[in-house]
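Note that the chains are named A, B and C in the order they appear, and that numbering of residues resets to 1 at the start of each chain.
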Amino acid sequence: MLLAWTWMRASYQYPLSAAMMTVASFVVNALDIAAIWVIFAHVERLGGFSLPEVMLLYGTAGLSFGLADLLFGNVDRLSGHIRSGSFDTVLIRPVSPFVQVAVDRFSVQRFGRVLQAAVVLALAVPQLDLTASRAWMVPVMIVCGFAIFVSVFTLGAALQFLLTDAPEVANAFTYGGNQLTQYPLSIYGGELVRGVTFVLPLAFVNWQPALFVLDRDDPLGLPHWLRFASPLAALLLGLVAAAAWRAGIRRYRSTGS
Amino acid sequence: MIEVERAGRSFTHRRKAGVLRRERHVVHAVRDLTFSVAPGEFVGYLGPNGAGKSTTIKMLTGILTPTTGRVRVAGLDPSRRRTALARRIGVVFGQRTTLWWDLPLRDSFELVRHLYNVDQGDFRRRLAELEELLDLGSFLHIPVRQLSLGQRMRGDLAAALLHAPSVLVLDEPTIGLDVVSKAALRAFLRELNAERGTTVLLTTHDLGDVERLCSRVMVIDHGRLSFDGTLGDLRATAPEESSIEDVVARLYTGGG
Amino acid sequence: MPPRETVFQLYLRIALYGFRKHSTYRAAALAGAFTNTVFGILRAYVLIALWEARPGLGGYDVVDAVTFCFLSQAAIGPMQMFGGSLDLARRVRSGDVAIDLMRPASLQLWSLADDLGRAFYLLLVRSVPPTLIGAALFGLTAPQTVWRWPEFGASFALGLLTSFGWRYLIALSACWIDDDRGVQALSGVLMSFFSGMILPLTIFPGWLGAVAQATPWAAMVQVPVDVYLGTRGLWEALAFQGAWAAALLALGALATAGARRKVVIQGG
């Protein structure tokens, strides 16, 4: 916590730049939703889902991802630490390396994404007339989605122990996962959806639980109980990610002198 | 305090040996290393470039897991109990700072205090002591990136000692320092070892460090210890040589 | 002033070194190709869903839309569509730019040659594979005539020049702004949204579409892809891109002169 605070202070040494970065972060994320707005200027439904329904998916995915990114998104800098040798320094301190890498150069700008997703979600929910018997799933899915994205970030970081020169591979899964879950999975091909259901369980970030919230049939006809399986998926992925991270540390080969 | 038993560390490299074929190529940075260091000893750890000094240090501090053998520092297995060990040892890399580049030295110390959970009272007392001994007062408020090398090294050393470790591991601490900074650093280390009984292991290429500080010298070559004894024993390996540099040079080139 | 051939050879050599320098980051380029492919596939599905609901939207059919998606993904590497900065920005921040400005060669042409070398390498490694994978998975529009290839090539090259002209200005801005990361981030937003990277500009509604189509960022992705698809007049397209490229490069020359004056007077 204190490390994070110190980084915030350091970044405000240049207030103009920090302000512009926060604006940029707001705008970047506003552009995502602008794209959805442009799409719905042309169609009533996308993949069988209305604008408020897509906004629910967008908002929950954005909130889960945004929180994970805010707190742990920095772990994608691991390869940089490994190449520069500063990961050695991290390892000689009595705090979990994962936490240390996550808070290093912590930046509040990422909060822009969380806020923007929260606004979208707040706009979407009143338009959907949800009953309490279904709406309770919304906070559950945000928490589970958060846990899943944290695991994905961790897996991406663990991958960087292997692919130190190619950290961008992890982006395909982290940022790619966010892009994927912003839209109803019904627009994607069947194989892709099965892949993100049973292999890398991104479908449990919001899609499966949202089918319950919106009381919709699964376009692929997957079993009904899957829509309650988000906590299980989050737990399993979390265990895999933790094991991968530990394996990565043991495999770590310090560079140079 | 430090026990190393038949420890070894090898690295596997893959290199191209054709269009698709990759050859596996094993490098033994350290092979079959055995030694132990008793509490309160001040040991100089020498060896030519690439002999395995840094690899040893990294195994002792838990950064690298040994591929063979056993390592114990302060009673702990470094790679398994890395975080517990971190509270008992202090580490300084001469070529790399563990301080925060953009922060004033004082803030870096404050972060270290939180990282290591040092009690506020102990922290104040030790910082005051270190401030005096290492003469930090004049640059505590300056960001680390603006410090001179000598100042930075003193800052790094203070940061490594704030949690009062019982073992101090120094990897080339005097590299690049001018004669005055070197002398100050040596005086401080000697006192630390004599007064507090802190165990010190130091690697260096500067034999002045060894002559003035170390009660014992170990030399590593090709991943194995080639010498272990007192400074006097070291000189005795080549009595006809007058300077310690020449004695060590003979040892490195295999003449000793 | 050295003879013309030597000057040309110098910049050719710089371009060659730029190419070679980047070829040492092959793993990173391949990782970029992988990520571009994944995002290409995800974006393609969104566009397919949209065009299936509204065939013919923006003057494209569904295959054109998917083609648009993969060609715009292909532009990311060479044109650095997310605002990836020139190496120059780092040299400005560290003050090393003073050394560059003292060289008896134009800083702007030097950077351009280096950047074109980089772009050409990334074109091969980061642009071609995702496009081929897209073609294999979804089927892309083939050019209507053989002449389309050189036309697209010319338009893409002008897009590269425009992209360089823009990024050069952003990099030099660090001479006047303490910390240019904010400018970089904002530049990334503008480049990605108004170039057609997120959605084709032809489907932007009303005034937003009109504004977007007139920007230099449109000259980087939207216009070259339209030339490829044959949905825009060739000469009009090239004239538009040429005008923006010339304007940005001229501004860049002015900024270079300003930077040199600043370094000479204030010593960095």
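To be clear about the criterion, a residue touches a chain if its C-beta (ideal position, glycine included) is under 8 Å from a C-beta of that chain, and two chains touch if they have at least 3 such contacts.
In UniProt terms, the chains line up like this: A = Transporter; B = ABC transporter domain-containing protein; C = ABC transporter permease.
The shown structure was predicted, so the numbers you read here are calculated from the model rather than taken from an experiment.
Asker: Of all the chains shown, whose C-alpha centre falls nearest the centre of every protein C-alpha atom combined?
Answerer: A
Asker: With centres defined as the mean of C-alpha atoms, identify the chain lying farthest from chain C (ABC transporter permease).
Answerer: B
Asker: Centroid of chain A (Transporter) to centroid of chain C (ABC transporter permease), CA atoms only: how many Å?
Answerer: Here the centre of chain C (ABC transporter permease) sits 28 Å away from the centre of chain A (Transporter).
Asker: Between chain B and chain C (ABC transporter permease), what is the separation of their C-alpha centroids in Å?
Answerer: Roughly 49 Å, centre to centre.
Asker: Let me have the rounded angstrom distance from the C-alpha centre of chain A (Transporter) over to the C-alpha centre of chain B, please.
Answerer: 41
Asker: Which positions in chain A (Transporter) are in touch with at least two other chains?
Answerer: 13 - these are the residues of chain A (Transporter) that touch more than one other chain.
Asker: Spell out the part of chain A (Transporter) that touches chain C (ABC transporter permease) in their complex, as residue ranges.
Answerer: 13-14, 16-21, 23-25, 27-28, 31-32, 34-35, 38-39, 41-47, 163, 165-169, 171-172, 176, 179-180, 183, 187-189, 192
Asker: Which stretch or stretches of chain A (Transporter) touch chain B in the complex?
Answerer: Interface residues on the chain A (Transporter) side: 2-3, 6, 10, 13, 85-86, 88-89, 91-96, 250, 252-254, 256-257.
Asker: Using the touch definition up top, name the residues of chain B that touch chain A (Transporter) in the complex.
Answerer: 11, 54, 58, 61-65, 79, 82-84, 86-87, 89, 91, 93, 95-96, 98, 100, 102-103, 107, 110-111, 114-117
Asker: Provide the residue numbers of chain C (ABC transporter permease) that touch chain A (Transporter) in the complex, in ascending order.
Answerer: 25, 27-28, 30-32, 34-35, 38-39, 41-43, 45-46, 48-50, 53-54, 57, 177-183, 185-186, 188-189, 192-193, 198-199, 203-205
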